[in-house]
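We just call them A, B and C in the order they show up, numbering each chain from 1.
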């Protein structure tokens, strides 16, 4: 029985196996408020699977995930969202047929039950929030554009915006700069650093440059276990990590 | 489109026109041009349109295909029929029976008293309530069990088929309690009002039409706000919607119940206009046919559902009289054609025509235009 | 209900209903095998599957009429050949249907449902136009008739035993084919990972076509078997289609063992219940039971092992 902790997110002994193959093996991970943790590692290390388990997409075969001292394992996806967890997926997952405005509106944390939907009104508060988030993600001029017509980078930002609308306290970003140009990467780095206040953020990324710009702490996963943990400097100089992942 | 109540019910300029046209057709054109016999037939088809409407919401908007809507149509119909039958089986008219005061088929099956579940249907308010409540309750139970467990798509469709089979066989096999294969017939009056006269049939026709139009307005209102957007989002990206904090299964349950309630209403109106109900309207074949009504109209179009139902049923009557052998070929071919060639049905064809014609109309309207502009369309396209 | 009979009478009833149930089991299993192959392997739902069964039955009838009219001496031998012909006819018909219709609809299972329903209407009407609306029976060879009685109370029909034997043979044949032949390997590979299979040179389109034909061919054999226990009419196929689907879904669509167990359980359950509750009520009871179980365990009795999410 794990005890209460001061960490915002406390993962203990987390394990999941698929048909006998252990994708994640007795993982322990602790993240504090206002922390920006980056998880790196070779493909197949289990990074996305960890995020899947936190947000409820996959059920672990053992271990516990405590968020604000509340157990997340076993809850349904939408309940985990209500607890304050937000996830951005590897491939941009926005509502293509809705406009940017509508994408954000739909993510507003009120009116998410059937009756709530029917009675939902576009109050000034809602409008204000949408505009504020749109500015945050630099899409305030694109509010009437349909999702399908945004560029790849803009879709990624929109998805982050949709997360922000939910006012999450844990933000999980899976490869947020994949496919972005260098100026877009800079903008994204700035965005992520801005939204870090009052929350904890987990980022999965492969771009080491980007990682060094944003990370407070880095965790390296390999074969479902933690290989190393520390600041970017420490990781870069860790021989095991260089061997397995960083190469050169 | 205004975001107030009226804006949401009427859903914008285009929908007001569609509503107006449909209202004109149903309330003026048809009653004037058809005799009461044919009008009564149209009234019958309109009751099927309620089911098609429900399917547009369930299948077209929410992406859930049910092949068993006949169940809900039948449940609503049987509730109404039970009330009407009890009224027609008062002790005076049935005094020649061994047990007067109970329906004739119960008497033939040697029942000596009214079964317990029939008794509440002596009351009109209860029966009217049951017409909506019974189908909704069944849909709620089945929907909850299936959608909470993420059963969807083909599995769900097959299970709804099984439900249709279960209900039709169940009714069939219990002649004493339900009238069996012959159904419940010989219905005469509703609260003293004779439903068999021509006068009554006119009134029932108009009542059905108006209720159908109201149902369309209700559906439009539901679709116009956030609910409509969510249903669309769920149909295309169910997972993402979950991660936005929505309990997708409850939305599916709610839509399923809505479609069931509409179908139940249709069933009750059917019984009033046609004067009987039988298990042949409940089973697999009618349930799948109702899907084709919605498909022909355009599975996402509320107005299409009505036109599709009218078209297919009229075709069926005409065709099967003159070419009985060919009719089933045509029907089968229709299923295939709608799926392979015209997935958007009549509504799709109509939209295509509109897109092709509107630049031409604009050009014609703006004839005195400077030569340089190549027929570009100005103005909003909603 | 059950208490009106003596224990030995009850035993005889169970045994006889058991054998009656075995006939039903055979038909259901043969139908389910074909359907499971198509659905479990390809995700395609074929509502016209019953009509392919009827096609097999009508083929046997045709063979029977031909033999009776033109070569009466072949009468005792024709039946086994007719079964093979039924398989081929149904498989060819399946090939035609896959090529002209199904291959456009692979990504749209709900639409396949509707399209194959339309196909079933067309096929039913074709049967009606060609063979008439009345039911027909082929002339069965002598050795299939009659029954043998181990005890005075137990009457085991020979055609039931024959159908059972045929069913088991076919089930074994399917298993052999799927797990021991190259084509079977290709089929399983395509199901599990279409892109990879295509990348290693398996012609997935041909595999799909073959799979569909095989499923229909098996239905044709089911039809041939069906002629020994009942007569054939234009809508004989639709009589068992829902049951067959439930057998497949109940057993867990990706498992051969599941399909067999499910068909057995459902057939026996229905057979026994039909005796004690009158007529269709037995069928209603079993259907209701299946649906309730499916509501609790939607993946069926033996769900295939699926990788999480």
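The criterion applied here is as follows: a residue touches a chain if its C-beta (ideal position, glycine included) is under 8 Å from a C-beta of that chain, and two chains touch if they have at least 3 such contacts.
Quick caveat: nothing in here was measured; it's all calculated off a predicted structure.
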Requested in this report: Could you tell me which chain lies farthest from chain B when each chain's centre is the average position of its Cα atoms?
Outcome: A
Report task. Name the chain with the Cα centroid closest to the overall protein Cα centroid. Result -> B
Report task. Could you please state the distance in Å, as a whole number, between where the Cα atoms of chain A are centred and where those of chain B are centred? Result -> 44
Requested in this report: Could you put a whole-Å number on the gap between the CA centroids of chain A and chain C?
Outcome: 50
Query raised in the report: Just curious, how far off is chain C from chain B if you go by their C-alpha centres, in Å?
Result: 34
Requested in this report: Provide the list of chain A residues touching at least two other chains, using ranges where the numbers run on.
Outcome: 57
Query raised in the report: chain B touches which residues of chain A in the complex?
Result: 55, 57, 76-78, 81-82, 86-87, 89, 93-98, 102, 105-107, 109, 111-114, 117-118, 120, 122, 162, 166
**Report entry** Residue ranges of chain C touching chain B (in the complex, touch as defined)
**Finding:** 39, 43, 45, 101, 104-105, 108-111, 113-115, 117-125, 128-129, 242, 245-246, 249, 278-281, 283-284, 287-288, 290-291, 294-296, 298
**Report entry** Complex interface listing, chain B residues touching chain C
**Finding:** 65, 67, 142, 145-146, 149-151, 153-155, 157-159, 161-163, 165-166, 169-170, 172-174, 284, 288, 291-292, 295, 325, 328-329, 331-336, 338-340, 343
Report summary line: Counting only contacts in the complex, chain B reaches chain A at residues 3, 222, 225-227, 229-230, 232-233, 236-237, 239-240, 242-248, 250-251, 254
